[in-house]
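Read from first to last, the chains carry the letters A, B and C; within each, the first residue is number 1.
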Amino acid sequence: MTALEITGLQKRFGGVVALNGVDLSVDPTKITGIIGPNGSGKTTLFNVIVGAHKPSAGRVAWHEKDITGKSTAAIARQGLVRTFQQAMSFSGLSVRENVTIACEHGRPRGGTAARWNSAEEILDFVGLSGLGDQIAGSMPFGNLRRLGIAVALGTNPLLLLLDEPAAGLNQTEVAQLMELIVQLPRVGIGVCLIDHDMFLMSGLCERLTVLNFGTKIAEGPPAVVLNDPKVKEVYLGNEI
Amino acid sequence: MQTLIQQLVNSLSVASVTILIGIGITLIFGLAGIVNFAHGEFLMVGGMTTWFLVNAGVNFFVALFGAMIVVGALGFIVERGLFRFTLDRPMNGFIMSIGLSVILQHVVIRIFNEVQKTIPDPVGQVWVIGGVNIIAMRAIVVAITAIVVAVTYFGISRSRYGIALRASIADQDTAALMGIPVRKYVTGVFIYGSLLAGLGGALMIALFPITPFTGSVVIIRGFAVSLIGGLGNVGGAVVGGLLLGLVDGLSAGYGSPEWTDAYSLVLMIAVLIIRPQGLLGGTLGPRAS
Amino acid sequence: MEPAVSPTPVTRTPNRTDPKDKPRRFDAPTRLEIITGIIVALFLLGFPWLNPGYRILSLSITTAFTAVALYGLALQFGQAGIMSVGHSAVMGIGAYTAAILATKLGVGFWLALPLSTLLSALVAGLIGLPTLRVSGQHYIIITFCFCALLVIALTNGGSFTGAATGLDVGSIDPIFGISFDRLKNAYYLVIVALLLCIFAYYLITNSPYGRTLRAIRENEPLARAVGIKTGFHKIGVLMVSGAFAGVAGILQAYYLHHIAPNLYGAFPSLYLALMVMLGGSRLLYGPLLGAIIVNFLPEVMHLDPIDSRIAYGISLLVVILLLPGGVSAGLLRIYRWVARSVNQSDRNDRA
């Protein structure tokens, strides 16, 4: 089942072609990943999907509804939520308030059973137990990253688009991040992530899509994709 | 024809003062990232200083330099003492500058008084150019402004300093990593803008009377000019100033004079909404909010 | 970094949400809030019994309706982060609506009150539309322009707006036999309005809506990313703020009995911004403190208008540089320090 369907997505910024006709199907029951060299259009892809930029051409469909170019807020309320490359938070507010805000918005819960019943439960889930009163902006980077995920989870999402969630984390923290992300499909949240950490990507993702200069050059299970000569040439270098 | 050229020179001389203040604002707001609501008061202080010196017997053009030095020094003190601390939170700087403008206005009232000040025409001549009588001072104001515009324009666009400045506003951190002393440049721009305001004040009082509240009247035109033209864009400030001068002239000639100010205000709002980067394109100001 | 705590076991059977966990409409007030609220209300209501004299009482009335406007400004700036130096213009809409209704249509205070409030809110929302397109600082300049434009429009409004001389406003119609020509009664009216506004402000800031506004203030892109309709809420808070200003405007009109364009121009707007920054735009009593300080400082220190304005300017600089939360934040810090010391010495005594 591919709840997120992207067809022929193009994005031009002036003369620069950031996305050159990308097709992508994202399965919300799995963890999938997007890799590619810097400048290959990965973040732009996320930006266009969630409506931060309008595409120059192409279509984004979410559960068969056309959401191309709709506002980020509207898309988030439908359960398609992104996190940011920089560790974003409502920095002047407490950790608990950060997550509470997300819970008070996001996808309507509609009376069905909630995965988490309070902000505290979400904080426990991501490993920020007991830090609810801390001011978000004063937290160390690793915790800020967790908070970003907690906030995204607060919106009651169906599919999370994580933009470089491992950036700036050390090996231990990456391993902890992996433990966290791997739980998500089991609670009904699909994950599509961008990152450069191959250990993370090959360990987590069932499918990888490789972008280069805004074009998809390979797609498939990590073992296959990472051995594809095209991919190696463009991204990993020929020495591997 | 005579009157047309006279009118033109008159309008240009008024526009010149606006352009001088507009250049200061466009550089300070657009390139140093500081919004200084008290910039109009800087001009007023320049004018008051000129008045004071001229009344003390100093030659006008010497007084002009005196005014520039005084306001330049004021700018230095204000930047180092106040704006330096709010560079990463420009909104606070803006609000501070509101307080500063109130302080400057009322300190001037304390030192002098509320009564408007004028000086006699420093040159007092009428030139005859091509058969047209032109008040010399007005032509001089236009000429001085033109020179300043040229110097500033080439300074910003060609010199290493100017290029470094524009890099700083685009990305402060990277600029700093490149070895650009961003803080020093910010101070430099601020002082330069203040010098221009001082000059503008001196030229203004040579043409019109000023009061301690002249600054708040002028500031909005200064912002209008720089926002319409595009922040950081010297040419834009000139275009903006000429455009407003044109609007004023048309309004005085054909529209109702009471609404004159309104037209420039509406024009600025329209440009800000339709094309926030200004007609000629410029920065969008400091990226922090 | 904390070790990752074992996540909630995914085999847990999801159950219906416990009704106790349903998000509440408003956060419950703390004991401190209740106590200070009672103290403030008692003080404000009981003030006339201290025999302050005609001038001080008049000053208090002015302070009170100014504070009403400031609460609106605190909502839009302190909560949502949208500063305006055109807030007086919105007050002016309220005031002139009331005055025009009175002089042209014979509509009295009580009927004009909702109308003034509504119109001010609408105009404030309209003026707020540019916030959707431009940054905060550009918007401040736009608000300044609107203020100047309003003054020009009012001055050139002919007999409709009374032009430069302005309009006269009659008295507030008595209700329940209470005449508001007596200064004391006028005072009570304004204080009741102020207390209601403070209460409304409190409810707003302590509700999910308040959190939404703060989210927009703290990080607008992130707010959008969690599903907040930022544009809608920004205009919304500006309209609520405008409503407060409208109330302040009509109160001012009926208190002064005469309004003119210069009351609603750039300078008054700047002073409003100054007051809200001085008092503090985020804490509950910040706006009230700001209004009191600015209005009473010249009285207390016997400063003439010029020196007092210099003092305002300097205090604003000091507040921005040293105490960005305003005087209210400073007082809160002192209170907390005292409370901590008392706790500490209690503990020491017991040890």
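The criterion applied here is as follows: a residue touches a chain if its C-beta (ideal position, glycine included) is under 8 Å from a C-beta of that chain, and two chains touch if they have at least 3 such contacts.
Note that this is a predicted model, so its numbers are computed, not measured.
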Most centrally placed chain, judged by C-alpha centres: C
Chain whose mean Cα position lies farthest from chain B: A
Whole-Å gap between the CA centroids of chain B and chain C: 34
Distance from chain B to chain A - Cα centre to Cα centre, in angstrom: 48
Gap in Å, rounded to a whole number, between the CA centres of chain C and chain A: 40
Interface hub residues of chain C, defined as touching at least two other chains: none
Overlap residues in chain B, where contacts from two or more other chains coincide: none
Chain A: positions in contact with at least two other chains: none
Residue numbers on chain B that touch chain C, as the complex places them: 35, 82, 85-86, 90-92, 94-96, 98-103, 105-107, 109-110, 216, 220, 223, 227, 256, 258-259, 261-262, 265-266, 268-269, 272-273, 276, 284-286, 289
Interface residues, chain C side, partner chain B - complex: 81, 83, 85, 130, 133-138, 140-142, 144-146, 148-149, 152-153, 155-156, 266-267, 270, 273-274, 277, 306-307, 309-310, 312-317, 320-321, 324
For the chain A and chain C complex, residues of the former touching the latter: 50, 52, 71-74, 76-77, 81-84, 88-93, 97, 100-107, 109, 113-118, 121, 124-129, 131, 140, 142-143, 151-152, 154-155, 172-173, 176, 179-180, 183, 186-187
Of all residues in chain C, those that touch chain A in their complex: 1-5, 7-8, 10, 14-18, 21, 23, 208, 211-212, 214-215, 217-219, 221-230
